[in-house]
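Input: one structure, supplied below.
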Amino acid sequence: MRCPEPYVRRVNYYETDKMAIVHHSNYIRWFEEAREDFVRKAGIDYEQIEANGILMAVVGVSCEYKYSARYGDIVVIETRPVLFNGVRLNFEYIVREQESGRVLVTGKSSHCFLGEDTRRPLNLERRMPEYCKILTGLLAETGGDK
Amino acid sequence: MRCPEPYVRRVNYYETDKMAIVHHSNYIRWFEEAREDFVRKAGIDYEQIEANGILMAVVGVSCEYKYSARYGDIVVIETRPVLFNGVRLNFEYIVREQESGRVLVTGKSSHCFLGEDTRRPLNLERRMPEYCKILTGLLAETGGDK
Amino acid sequence: MRCPEPYVRRVNYYETDKMAIVHHSNYIRWFEEAREDFVRKAGIDYEQIEANGILMAVVGVSCEYKYSARYGDIVVIETRPVLFNGVRLNFEYIVREQESGRVLVTGKSSHCFLGEDTRRPLNLERRMPEYCKILTGLLAETGGDK
Amino acid sequence: MRCPEPYVRRVNYYETDKMAIVHHSNYIRWFEEAREDFVRKAGIDYEQIEANGILMAVVGVSCEYKYSARYGDIVVIETRPVLFNGVRLNFEYIVREQESGRVLVTGKSSHCFLGEDTRRPLNLERRMPEYCKILTGLLAETGGDK
(Lines give C-alpha, C1' and ligand atoms only; values in the text may rest on other atoms or scores of the structure.)
Protein backbone atom coordinates (compact mmCIF):
# COMPACT_ATOMS: atom_id res chain seq x y z
CA MET A 1 0.00 0.00 0.00
CA ARG A 2 1.39 3.36 -1.06
CA CYS A 3 1.24 6.24 1.38
CA PRO A 4 -1.19 8.97 0.29
CA GLU A 5 0.08 12.25 -1.16
CA PRO A 6 0.77 15.04 1.34
CA TYR A 7 -1.96 17.50 2.24
CA VAL A 8 -1.65 20.95 0.68
CA ARG A 9 -3.45 24.07 1.86
CA ARG A 10 -3.17 27.83 1.96
CA VAL A 11 -2.65 29.91 5.06
CA ASN A 12 -5.84 31.79 5.88
CA TYR A 13 -5.77 35.42 6.97
CA TYR A 14 -7.74 34.60 10.11
CA GLU A 15 -5.02 32.15 11.13
CA THR A 16 -2.41 34.88 11.52
CA ASP A 17 -1.81 36.82 14.72
CA LYS A 18 -0.36 40.25 15.51
CA MET A 19 3.20 38.90 15.09
CA ALA A 20 2.12 38.55 11.40
CA ILE A 21 2.68 34.79 11.57
CA VAL A 22 0.30 31.86 11.89
CA HIS A 23 -0.77 31.51 15.53
CA HIS A 24 0.91 28.44 17.00
CA SER A 25 -2.38 26.80 18.01
CA ASN A 26 -3.45 26.49 14.39
CA TYR A 27 -0.84 23.88 13.52
CA ILE A 28 -2.68 21.48 15.84
CA ARG A 29 -5.77 22.07 13.68
CA TRP A 30 -3.73 21.58 10.51
CA PHE A 31 -2.48 18.25 11.86
CA GLU A 32 -6.12 17.21 12.20
CA GLU A 33 -6.89 18.31 8.64
CA ALA A 34 -3.81 16.47 7.34
CA ARG A 35 -4.59 13.32 9.34
CA GLU A 36 -8.17 13.19 8.06
CA ASP A 37 -6.99 13.83 4.53
CA PHE A 38 -4.42 11.04 4.93
CA VAL A 39 -6.86 8.39 6.17
CA ARG A 40 -9.53 9.51 3.67
CA LYS A 41 -7.12 9.07 0.77
CA ALA A 42 -6.20 5.66 2.17
CA GLY A 43 -9.86 4.62 2.05
CA ILE A 44 -10.92 5.26 5.64
CA ASP A 45 -14.09 7.27 6.19
CA TYR A 46 -13.90 8.83 9.63
CA GLU A 47 -17.62 9.54 9.59
CA GLN A 48 -18.24 5.83 9.17
CA ILE A 49 -16.10 5.13 12.24
CA GLU A 50 -18.26 7.54 14.22
CA ALA A 51 -21.40 6.02 12.67
CA ASN A 52 -20.23 2.72 14.19
CA GLY A 53 -20.27 4.31 17.63
CA ILE A 54 -16.49 4.61 17.77
CA LEU A 55 -14.61 7.77 18.65
CA MET A 56 -10.96 8.42 17.92
CA ALA A 57 -9.98 10.42 20.98
CA VAL A 58 -6.86 12.56 21.04
CA VAL A 59 -4.62 11.43 23.90
CA GLY A 60 -1.70 13.73 23.30
CA VAL A 61 -0.20 16.23 20.86
CA SER A 62 3.13 17.95 20.57
CA CYS A 63 4.54 20.51 18.19
CA GLU A 64 8.00 21.94 17.53
CA TYR A 65 8.13 25.33 15.81
CA LYS A 66 11.18 26.03 13.63
CA TYR A 67 10.00 28.73 11.22
CA SER A 68 6.71 30.54 10.92
CA ALA A 69 4.11 30.11 8.22
CA ARG A 70 2.84 33.43 6.95
CA TYR A 71 -0.20 34.73 5.10
CA GLY A 72 0.20 33.95 1.42
CA ASP A 73 2.17 30.76 2.06
CA ILE A 74 1.03 27.42 0.73
CA VAL A 75 1.96 24.67 3.16
CA VAL A 76 2.48 20.98 2.50
CA ILE A 77 1.82 18.60 5.37
CA GLU A 78 3.19 15.07 5.44
CA THR A 79 1.41 12.65 7.73
CA ARG A 80 2.97 9.36 8.79
CA PRO A 81 1.43 6.71 11.08
CA VAL A 82 4.11 5.55 13.51
CA LEU A 83 2.18 3.15 15.76
CA PHE A 84 -1.02 1.13 15.49
CA ASN A 85 -2.05 -1.75 17.71
CA GLY A 86 -5.83 -1.82 17.28
CA VAL A 87 -6.44 0.49 20.24
CA ARG A 88 -3.74 3.16 19.93
CA LEU A 89 -2.78 5.04 16.79
CA ASN A 90 0.06 7.56 16.59
CA PHE A 91 1.00 9.96 13.80
CA GLU A 92 3.89 12.25 13.01
CA TYR A 93 3.65 15.37 10.87
CA ILE A 94 6.01 17.59 8.92
CA VAL A 95 4.77 21.00 7.75
CA ARG A 96 6.77 22.52 4.89
CA GLU A 97 6.47 25.81 3.05
CA GLN A 98 5.74 24.66 -0.51
CA GLU A 99 7.90 27.02 -2.52
CA SER A 100 11.13 26.66 -0.55
CA GLY A 101 10.49 23.18 0.83
CA ARG A 102 11.66 24.51 4.18
CA VAL A 103 10.45 22.60 7.24
CA LEU A 104 8.41 24.98 9.37
CA VAL A 105 6.93 22.75 12.03
CA THR A 106 7.01 19.10 13.10
CA GLY A 107 4.56 17.38 15.39
CA LYS A 108 3.03 14.24 16.81
CA SER A 109 -0.39 13.12 17.90
CA SER A 110 -1.51 10.01 19.72
CA HIS A 111 -5.03 8.64 19.60
CA CYS A 112 -7.13 5.98 21.25
CA PHE A 113 -10.27 4.33 19.93
CA LEU A 114 -13.19 4.60 22.38
CA GLY A 115 -16.73 3.36 22.50
CA GLU A 116 -18.99 6.40 22.10
CA ASP A 117 -21.30 5.13 24.85
CA THR A 118 -18.78 3.70 27.27
CA ARG A 119 -15.99 6.22 26.56
CA ARG A 120 -13.66 3.27 27.24
CA PRO A 121 -10.83 1.99 25.00
CA LEU A 122 -11.88 -0.42 22.31
CA ASN A 123 -10.04 -2.56 19.79
CA LEU A 124 -10.85 -1.50 16.24
CA GLU A 125 -9.91 -5.02 15.05
CA ARG A 126 -13.17 -6.60 16.13
CA ARG A 127 -15.41 -3.79 14.95
CA MET A 128 -13.80 -2.57 11.73
CA PRO A 129 -11.29 -5.18 10.53
CA GLU A 130 -11.10 -3.68 7.03
CA TYR A 131 -9.91 -0.34 8.44
CA CYS A 132 -7.37 -2.15 10.65
CA LYS A 133 -5.96 -3.80 7.58
CA ILE A 134 -5.55 -0.45 5.86
CA LEU A 135 -3.86 1.12 8.89
CA THR A 136 -1.54 -1.88 9.32
CA GLY A 137 -0.63 -1.66 5.64
CA LEU A 138 0.16 2.05 5.87
CA LEU A 139 2.26 1.42 8.95
CA ALA A 140 4.28 -1.27 7.19
CA GLU A 141 4.82 1.15 4.32
CA THR A 142 6.15 3.91 6.55
CA GLY A 143 8.16 1.65 8.85
CA GLY A 144 6.25 2.42 12.04
CA ASP A 145 5.73 0.20 15.13
CA LYS A 146 2.92 -2.26 15.65
CA MET B 1 -36.61 42.53 36.39
CA ARG B 2 -33.30 44.35 36.16
CA CYS B 3 -31.09 43.70 33.17
CA PRO B 4 -27.88 41.83 34.04
CA GLU B 5 -24.55 43.66 34.17
CA PRO B 6 -22.59 43.79 30.91
CA TYR B 7 -20.09 41.07 30.10
CA VAL B 8 -16.43 42.02 30.52
CA ARG B 9 -13.47 40.16 29.02
CA ARG B 10 -9.93 40.63 27.82
CA VAL B 11 -8.78 40.40 24.24
CA ASN B 12 -6.75 37.22 23.75
CA TYR B 13 -3.54 37.22 21.75
CA TYR B 14 -4.85 34.42 19.53
CA GLU B 15 -7.84 36.59 18.58
CA THR B 16 -5.64 39.17 16.83
CA ASP B 17 -4.64 38.98 13.16
CA LYS B 18 -1.75 40.37 11.13
CA MET B 19 -3.40 43.83 11.02
CA ALA B 20 -2.68 43.76 14.79
CA ILE B 21 -6.39 44.03 15.53
CA VAL B 22 -8.98 41.48 16.62
CA HIS B 23 -10.07 39.44 13.61
CA HIS B 24 -13.61 40.47 12.66
CA SER B 25 -15.00 36.93 12.99
CA ASN B 26 -14.25 36.87 16.71
CA TYR B 27 -16.89 39.46 17.58
CA ILE B 28 -19.53 36.90 16.54
CA ARG B 29 -18.01 34.58 19.17
CA TRP B 30 -17.97 37.35 21.74
CA PHE B 31 -21.68 37.99 21.07
CA GLU B 32 -22.26 34.34 21.94
CA GLU B 33 -20.23 34.64 25.14
CA ALA B 34 -22.07 37.82 26.09
CA ARG B 35 -25.49 36.35 25.30
CA GLU B 36 -24.84 33.26 27.40
CA ASP B 37 -23.50 35.40 30.23
CA PHE B 38 -26.62 37.57 29.96
CA VAL B 39 -29.14 34.75 30.16
CA ARG B 40 -27.09 32.95 32.84
CA LYS B 41 -27.11 36.03 35.06
CA ALA B 42 -30.87 36.31 34.45
CA GLY B 43 -31.34 32.77 35.77
CA ILE B 44 -31.49 30.81 32.52
CA ASP B 45 -29.28 27.73 32.23
CA TYR B 46 -28.65 27.07 28.56
CA GLU B 47 -27.47 23.54 29.34
CA GLN B 48 -30.86 22.85 30.90
CA ILE B 49 -32.57 24.02 27.71
CA GLU B 50 -30.44 21.53 25.74
CA ALA B 51 -31.11 18.87 28.38
CA ASN B 52 -34.83 19.36 27.58
CA GLY B 53 -34.14 18.49 23.95
CA ILE B 54 -34.38 22.09 22.80
CA LEU B 55 -31.80 23.84 20.66
CA MET B 56 -31.48 27.58 20.24
CA ALA B 57 -30.44 27.80 16.60
CA VAL B 58 -28.83 30.91 15.20
CA VAL B 59 -30.91 32.21 12.29
CA GLY B 60 -28.92 35.32 11.48
CA VAL B 61 -26.13 37.57 12.70
CA SER B 62 -24.85 40.96 11.66
CA CYS B 63 -21.99 43.11 12.82
CA GLU B 64 -20.92 46.72 12.19
CA TYR B 65 -17.25 47.52 12.81
CA LYS B 66 -16.44 51.09 13.89
CA TYR B 67 -13.11 50.78 15.70
CA SER B 68 -10.85 47.81 16.30
CA ALA B 69 -10.27 46.04 19.58
CA ARG B 70 -6.57 45.36 20.18
CA TYR B 71 -4.49 43.03 22.29
CA GLY B 72 -4.37 44.39 25.82
CA ASP B 73 -7.86 45.91 25.61
CA ILE B 74 -10.57 44.98 28.03
CA VAL B 75 -13.95 45.03 26.30
CA VAL B 76 -17.39 45.48 27.80
CA ILE B 77 -20.30 43.91 25.93
CA GLU B 78 -23.89 45.00 26.50
CA THR B 79 -26.54 42.50 25.47
CA ARG B 80 -30.17 43.51 25.00
CA PRO B 81 -33.06 41.26 23.99
CA VAL B 82 -35.13 43.07 21.37
CA LEU B 83 -37.74 40.47 20.44
CA PHE B 84 -39.21 37.34 22.03
CA ASN B 85 -42.37 35.56 21.03
CA GLY B 86 -41.82 32.06 22.38
CA VAL B 87 -40.25 30.80 19.15
CA ARG B 88 -37.98 33.64 18.03
CA LEU B 89 -35.53 35.54 20.19
CA ASN B 90 -33.43 38.47 18.97
CA PHE B 91 -30.57 40.26 20.67
CA GLU B 92 -28.55 43.42 20.06
CA TYR B 93 -24.99 43.98 21.26
CA ILE B 94 -22.70 46.92 21.87
CA VAL B 95 -18.98 46.24 22.34
CA ARG B 96 -17.07 49.04 24.08
CA GLU B 97 -13.42 49.45 24.99
CA GLN B 98 -13.55 49.67 28.77
CA GLU B 99 -11.08 52.43 29.48
CA SER B 100 -12.33 54.95 26.93
CA GLY B 101 -15.93 53.77 26.76
CA ARG B 102 -15.63 54.05 22.98
CA VAL B 103 -18.07 51.93 20.97
CA LEU B 104 -16.04 49.52 18.84
CA VAL B 105 -18.64 47.25 17.34
CA THR B 106 -22.41 46.81 17.33
CA GLY B 107 -24.29 43.72 16.27
CA LYS B 108 -27.46 41.67 16.20
CA SER B 109 -28.35 38.02 16.34
CA SER B 110 -31.65 36.25 15.79
CA HIS B 111 -32.45 32.81 17.14
CA CYS B 112 -35.15 30.20 16.86
CA PHE B 113 -35.99 27.44 19.33
CA LEU B 114 -35.95 24.00 17.71
CA GLY B 115 -36.70 20.47 18.81
CA GLU B 116 -33.39 18.60 18.92
CA ASP B 117 -35.00 15.56 17.27
CA THR B 118 -37.29 17.23 14.80
CA ARG B 119 -35.07 20.26 14.08
CA ARG B 120 -38.37 22.12 13.69
CA PRO B 121 -39.43 25.38 15.41
CA LEU B 122 -40.94 24.95 18.83
CA ASN B 123 -42.62 27.28 21.32
CA LEU B 124 -40.62 27.55 24.52
CA GLU B 125 -43.84 28.55 26.36
CA ARG B 126 -45.18 25.04 26.60
CA ARG B 127 -41.89 23.38 27.48
CA MET B 128 -40.12 25.87 29.72
CA PRO B 129 -42.69 28.47 30.92
CA GLU B 130 -40.40 29.70 33.71
CA TYR B 131 -37.71 30.67 31.19
CA CYS B 132 -40.31 32.39 28.99
CA LYS B 133 -41.32 34.48 31.96
CA ILE B 134 -37.72 35.55 32.53
CA LEU B 135 -37.21 36.43 28.86
CA THR B 136 -40.49 38.36 28.71
CA GLY B 137 -39.49 40.26 31.85
CA LEU B 138 -36.10 41.18 30.41
CA LEU B 139 -37.75 42.30 27.20
CA ALA B 140 -40.18 44.56 29.07
CA GLU B 141 -37.22 46.03 30.95
CA THR B 142 -35.30 46.87 27.79
CA GLY B 143 -38.31 48.02 25.75
CA GLY B 144 -38.06 45.34 23.05
CA ASP B 145 -40.91 43.88 20.93
CA LYS B 146 -43.02 40.88 21.80
CA MET C 1 -14.08 39.50 -17.67
CA ARG C 2 -15.46 36.17 -16.52
CA CYS C 3 -16.23 35.69 -12.85
CA PRO C 4 -13.88 33.19 -11.16
CA GLU C 5 -15.07 29.69 -10.30
CA PRO C 6 -16.65 29.25 -6.86
CA TYR C 7 -14.48 28.31 -3.90
CA VAL C 8 -14.74 24.69 -2.75
CA ARG C 9 -13.62 23.35 0.62
CA ARG C 10 -14.30 20.62 3.13
CA VAL C 11 -15.81 21.13 6.55
CA ASN C 12 -13.13 20.60 9.20
CA TYR C 13 -13.83 18.64 12.36
CA TYR C 14 -12.66 21.56 14.52
CA GLU C 15 -15.26 23.78 12.89
CA THR C 16 -18.17 21.76 14.32
CA ASP C 17 -19.76 22.41 17.71
CA LYS C 18 -21.70 20.29 20.18
CA MET C 19 -24.88 20.63 18.07
CA ALA C 20 -22.86 18.53 15.56
CA ILE C 21 -23.06 21.35 13.01
CA VAL C 22 -20.56 23.97 11.87
CA HIS C 23 -20.43 26.76 14.44
CA HIS C 24 -22.12 29.83 13.00
CA SER C 25 -19.04 32.05 13.45
CA ASN C 26 -17.05 29.97 10.98
CA TYR C 27 -19.08 31.04 7.96
CA ILE C 28 -17.67 34.56 8.44
CA ARG C 29 -14.21 32.97 8.10
CA TRP C 30 -15.31 31.01 5.05
CA PHE C 31 -16.53 34.25 3.46
CA GLU C 32 -13.00 35.60 3.94
CA GLU C 33 -11.47 32.48 2.37
CA ALA C 34 -13.90 32.65 -0.54
CA ARG C 35 -13.36 36.39 -1.06
CA GLU C 36 -9.57 36.00 -1.13
CA ASP C 37 -9.88 33.05 -3.47
CA PHE C 38 -12.16 35.12 -5.71
CA VAL C 39 -9.87 38.12 -5.99
CA ARG C 40 -6.78 35.90 -6.32
CA LYS C 41 -8.31 34.03 -9.26
CA ALA C 42 -9.21 37.40 -10.78
CA GLY C 43 -5.55 38.44 -10.64
CA ILE C 44 -5.51 40.47 -7.44
CA ASP C 45 -2.81 39.69 -4.89
CA TYR C 46 -4.03 40.82 -1.49
CA GLU C 47 -0.50 40.67 -0.10
CA GLN C 48 0.56 43.18 -2.73
CA ILE C 49 -2.21 45.53 -1.61
CA GLU C 50 -0.87 45.30 1.95
CA ALA C 51 2.70 45.70 0.64
CA ASN C 52 1.52 49.03 -0.81
CA GLY C 53 0.53 50.16 2.67
CA ILE C 54 -3.18 49.66 2.00
CA LEU C 55 -5.53 47.73 4.27
CA MET C 56 -8.92 46.39 3.27
CA ALA C 57 -10.83 46.85 6.51
CA VAL C 58 -14.07 45.03 7.16
CA VAL C 59 -16.83 47.53 7.84
CA GLY C 60 -19.73 45.13 8.23
CA VAL C 61 -20.80 41.52 7.81
CA SER C 62 -24.10 39.72 7.92
CA CYS C 63 -25.10 36.11 7.60
CA GLU C 64 -28.42 34.26 7.21
CA TYR C 65 -28.45 30.60 8.26
CA LYS C 66 -30.89 28.33 6.44
CA TYR C 67 -29.41 24.85 6.84
CA SER C 68 -26.34 23.63 8.69
CA ALA C 69 -23.11 22.42 7.17
CA ARG C 70 -21.90 19.22 8.82
CA TYR C 71 -18.65 17.36 9.18
CA GLY C 72 -18.02 15.43 5.98
CA ASP C 73 -19.76 18.00 3.79
CA ILE C 74 -18.00 19.68 0.93
CA VAL C 75 -19.22 23.24 0.54
CA VAL C 76 -19.18 25.47 -2.52
CA ILE C 77 -19.04 29.21 -1.92
CA GLU C 78 -20.03 31.72 -4.60
CA THR C 79 -18.65 35.22 -4.16
CA ARG C 80 -20.09 38.18 -6.01
CA PRO C 81 -18.93 41.81 -5.81
CA VAL C 82 -22.00 44.03 -5.55
CA LEU C 83 -20.48 47.49 -5.11
CA PHE C 84 -17.13 49.13 -5.83
CA ASN C 85 -16.40 52.84 -5.96
CA GLY C 86 -12.67 52.97 -5.34
CA VAL C 87 -13.06 53.31 -1.57
CA ARG C 88 -15.84 50.89 -0.69
CA LEU C 89 -16.16 47.29 -1.87
CA ASN C 90 -19.09 45.02 -1.02
CA PHE C 91 -19.52 41.30 -1.61
CA GLU C 92 -22.34 38.78 -1.38
CA TYR C 93 -21.87 35.08 -0.72
CA ILE C 94 -23.88 31.91 -1.20
CA VAL C 95 -22.73 28.74 0.58
CA ARG C 96 -24.07 25.50 -0.91
CA GLU C 97 -23.64 21.88 0.08
CA GLN C 98 -21.92 20.43 -2.98
CA GLU C 99 -23.72 17.12 -3.38
CA SER C 100 -27.29 18.37 -3.04
CA GLY C 101 -26.68 21.93 -4.24
CA ARG C 102 -28.80 23.07 -1.32
CA VAL C 103 -28.22 26.65 -0.16
CA LEU C 104 -27.03 26.53 3.45
CA VAL C 105 -26.07 30.11 4.19
CA THR C 106 -26.05 33.49 2.48
CA GLY C 107 -24.11 36.53 3.55
CA LYS C 108 -22.68 39.94 2.82
CA SER C 109 -19.56 41.83 3.72
CA SER C 110 -18.61 45.47 3.19
CA HIS C 111 -15.08 46.75 3.10
CA CYS C 112 -13.22 50.02 2.99
CA PHE C 113 -9.68 50.67 1.75
CA LEU C 114 -7.53 52.41 4.37
CA GLY C 115 -4.02 53.75 4.54
CA GLU C 116 -2.06 51.49 6.86
CA ASP C 117 -0.41 54.50 8.51
CA THR C 118 -3.31 56.90 8.61
CA ARG C 119 -6.06 54.31 9.10
CA ARG C 120 -8.18 56.69 7.00
CA PRO C 121 -10.21 55.85 3.87
CA LEU C 122 -8.26 55.92 0.64
CA ASN C 123 -9.16 55.63 -3.03
CA LEU C 124 -7.59 52.57 -4.59
CA GLU C 125 -7.83 54.26 -8.01
CA ARG C 126 -4.80 56.48 -7.48
CA ARG C 127 -2.65 53.83 -5.85
CA MET C 128 -3.49 50.62 -7.70
CA PRO C 129 -5.36 51.49 -10.92
CA GLU C 130 -4.78 48.02 -12.41
CA TYR C 131 -6.65 46.39 -9.49
CA CYS C 132 -9.46 48.94 -9.79
CA LYS C 133 -9.86 47.96 -13.40
CA ILE C 134 -10.16 44.30 -12.47
CA LEU C 135 -12.72 45.01 -9.73
CA THR C 136 -14.75 47.26 -12.03
CA GLY C 137 -14.72 44.56 -14.69
CA LEU C 138 -15.92 41.90 -12.25
CA LEU C 139 -18.65 44.21 -11.03
CA ALA C 140 -19.88 44.83 -14.59
CA GLU C 141 -19.91 41.06 -15.12
CA THR C 142 -22.05 40.40 -12.06
CA GLY C 143 -24.32 43.41 -12.49
CA GLY C 144 -23.38 45.16 -9.24
CA ASP C 145 -23.44 48.89 -8.44
CA LYS C 146 -20.60 51.32 -9.00
CA MET D 1 7.59 36.19 45.56
CA ARG D 2 4.30 34.31 45.77
CA CYS D 3 3.02 32.58 42.67
CA PRO D 4 -0.11 34.23 41.22
CA GLU D 5 -3.53 32.66 41.67
CA PRO D 6 -4.60 30.18 38.97
CA TYR D 7 -6.52 31.38 35.95
CA VAL D 8 -10.25 30.60 35.94
CA ARG D 9 -12.52 30.67 32.89
CA ARG D 10 -15.67 29.18 31.46
CA VAL D 11 -15.84 26.83 28.52
CA ASN D 12 -17.35 28.64 25.53
CA TYR D 13 -19.92 26.99 23.31
CA TYR D 14 -17.81 27.70 20.22
CA GLU D 15 -14.93 25.76 21.77
CA THR D 16 -16.84 22.48 21.71
CA ASP D 17 -16.85 20.04 18.79
CA LYS D 18 -19.27 17.38 17.55
CA MET D 19 -17.99 14.92 20.20
CA ALA D 20 -19.64 17.44 22.61
CA ILE D 21 -16.28 18.11 24.26
CA VAL D 22 -13.81 20.97 23.97
CA HIS D 23 -11.79 20.56 20.78
CA HIS D 24 -8.26 19.53 21.70
CA SER D 25 -6.63 22.49 19.92
CA ASN D 26 -8.29 24.95 22.29
CA TYR D 27 -6.24 23.88 25.30
CA ILE D 28 -3.18 25.35 23.54
CA ARG D 29 -5.08 28.65 23.42
CA TRP D 30 -6.05 28.31 27.08
CA PHE D 31 -2.39 27.78 27.97
CA GLU D 32 -1.68 31.11 26.30
CA GLU D 33 -4.49 32.83 28.22
CA ALA D 34 -3.27 31.29 31.49
CA ARG D 35 0.38 32.18 30.80
CA GLU D 36 -0.48 35.80 30.04
CA ASP D 37 -2.70 35.99 33.11
CA PHE D 38 0.15 34.53 35.19
CA VAL D 39 2.80 36.98 34.06
CA ARG D 40 0.35 39.90 34.21
CA LYS D 41 -0.52 39.13 37.83
CA ALA D 42 3.23 38.88 38.54
CA GLY D 43 3.70 42.41 37.23
CA ILE D 44 4.86 41.69 33.68
CA ASP D 45 3.13 43.56 30.87
CA TYR D 46 3.51 41.54 27.70
CA GLU D 47 2.54 44.54 25.57
CA GLN D 48 5.48 46.42 27.07
CA ILE D 49 7.82 43.60 26.05
CA GLU D 50 6.52 43.91 22.48
CA ALA D 51 6.76 47.70 22.71
CA ASN D 52 10.49 47.19 23.44
CA GLY D 53 10.84 45.33 20.13
CA ILE D 54 11.01 41.94 21.81
CA LEU D 55 8.90 38.95 20.82
CA MET D 56 8.32 35.88 22.95
CA ALA D 57 8.22 33.18 20.28
CA VAL D 58 6.70 29.78 20.97
CA VAL D 59 9.32 27.10 20.32
CA GLY D 60 7.31 24.06 21.34
CA VAL D 61 4.08 22.93 22.98
CA SER D 62 2.77 19.61 24.20
CA CYS D 63 -0.49 18.53 25.74
CA GLU D 64 -1.72 15.34 27.42
CA TYR D 65 -5.49 14.79 27.46
CA LYS D 66 -6.91 12.80 30.39
CA TYR D 67 -10.54 13.91 30.60
CA SER D 68 -12.57 16.28 28.46
CA ALA D 69 -13.79 19.71 29.40
CA ARG D 70 -17.41 20.25 28.43
CA TYR D 71 -19.73 23.16 27.83
CA GLY D 72 -20.88 24.50 31.16
CA ASP D 73 -17.62 23.60 32.93
CA ILE D 74 -15.53 26.18 34.69
CA VAL D 75 -11.86 25.31 34.37
CA VAL D 76 -8.97 26.33 36.60
CA ILE D 77 -5.55 26.53 34.99
CA GLU D 78 -2.35 26.47 37.03
CA THR D 79 0.73 27.88 35.32
CA ARG D 80 4.23 27.19 36.59
CA PRO D 81 7.50 28.47 35.10
CA VAL D 82 9.98 25.58 35.02
CA LEU D 83 12.99 27.14 33.28
CA PHE D 84 14.29 30.64 32.68
CA ASN D 85 17.78 31.61 31.61
CA GLY D 86 17.27 35.03 30.07
CA VAL D 87 16.72 33.66 26.58
CA ARG D 88 14.53 30.59 27.11
CA LEU D 89 11.42 30.39 29.27
CA ASN D 90 9.41 27.19 29.82
CA PHE D 91 6.04 26.72 31.49
CA GLU D 92 3.94 23.79 32.66
CA TYR D 93 0.16 23.83 32.95
CA ILE D 94 -2.50 21.84 34.77
CA VAL D 95 -6.13 22.27 33.69
CA ARG D 96 -8.70 21.19 36.29
CA GLU D 97 -12.48 21.12 36.27
CA GLN D 98 -13.33 23.52 39.09
CA GLU D 99 -16.18 21.70 40.81
CA SER D 100 -14.57 18.26 41.04
CA GLY D 101 -10.94 19.38 41.03
CA ARG D 102 -10.30 16.62 38.51
CA VAL D 103 -7.24 17.08 36.31
CA LEU D 104 -8.40 17.23 32.70
CA VAL D 105 -5.28 18.15 30.79
CA THR D 106 -1.61 18.86 31.45
CA GLY D 107 0.79 20.60 29.12
CA LYS D 108 4.05 22.39 28.52
CA SER D 109 5.24 25.26 26.39
CA SER D 110 8.73 26.54 25.66
CA HIS D 111 9.52 30.03 24.52
CA CYS D 112 12.44 32.05 23.28
CA PHE D 113 12.91 35.83 23.37
CA LEU D 114 13.63 37.27 19.93
CA GLY D 115 14.43 40.67 18.54
CA GLU D 116 11.41 41.81 16.52
CA ASP D 117 13.67 43.12 13.74
CA THR D 118 16.35 40.45 13.71
CA ARG D 119 14.08 37.53 14.65
CA ARG D 120 17.17 36.21 16.47
CA PRO D 121 17.42 35.07 20.12
CA LEU D 122 18.03 37.82 22.61
CA ASN D 123 18.79 37.94 26.34
CA LEU D 124 16.03 39.68 28.25
CA GLU D 125 18.53 40.48 31.03
CA ARG D 126 20.14 43.37 29.19
CA ARG D 127 16.91 44.85 27.86
CA MET D 128 14.40 44.33 30.65
CA PRO D 129 16.29 43.48 33.87
CA GLU D 130 13.25 44.20 36.06
CA TYR D 131 11.20 41.54 34.25
CA CYS D 132 14.09 39.07 34.53
CA LYS D 133 14.11 39.61 38.26
CA ILE D 134 10.38 38.84 38.46
CA LEU D 135 10.73 35.68 36.35
CA THR D 136 13.75 34.50 38.37
CA GLY D 137 11.79 35.08 41.58
CA LEU D 138 8.78 33.11 40.33
CA LEU D 139 11.07 30.31 39.26
CA ALA D 140 12.71 30.14 42.70
CA GLU D 141 9.22 30.02 44.23
CA THR D 142 8.12 27.10 42.09
CA GLY D 143 11.42 25.21 42.21
CA GLY D 144 12.17 25.36 38.47
CA ASP D 145 15.56 25.30 36.75
CA LYS D 146 17.69 28.30 35.88
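Going in written order, the chains are labelled A, B, C and D, and every chain counts its residues from 1.
Simple rule for what comes next: a contact is a pair of C-beta atoms (placed from the backbone, for glycine too) under 8 Å apart; a residue touches a chain by one contact, two chains touch by 3 or more.
On a predicted model such as this, the values are computed, not experimentally measured, just so you know.
> Which chains sit in contact with both members of the pair subunit C and subunit D?
The shared contacts of subunit C and subunit D, listed by label, come to A, B.
> If you match contact pairs by residue number, which of A-B, A-C or A-D shares over half of them with C-D?
Duplicate interface of C-D: A-B.
> With centres defined by CA atoms only, which chain is the most remote from subunit A?
B
> On a C-alpha centroid basis, what's the spacing between subunit B and subunit D, in Å?
So the centre of subunit B lies 29 Å away from the centre of subunit D.
> Find the geometric centre of each of subunit B and subunit C from their Cα atoms only, then give the gap between the two centres in Å, rounded to an integer.
25
> Residues touching two or more other chains, restricted to subunit A: which are they?
In subunit A, the residues touching two or more other chains are 13-14, 25, 29, 32, 71.
> How is the touch graph of the chains shaped: line, ring, star, complete or other?
complete
> Hey, which residues of subunit D end up touching subunit C in the complex?
The contact residues of subunit D facing subunit C are 13-14, 16-18, 20-21, 23, 25, 71.
> Per the contact definition, I'd like the list of subunit A residues that touch subunit C in the complex.
Within the complex, subunit A touches subunit C at residues 12-14, 29, 32-33, 36, 46-47, 71-72.
> For subunit B, which residues are in contact with subunit C within the complex?
My answer: residues 19, 24-26, 28-29, 32, 55, 57-65.
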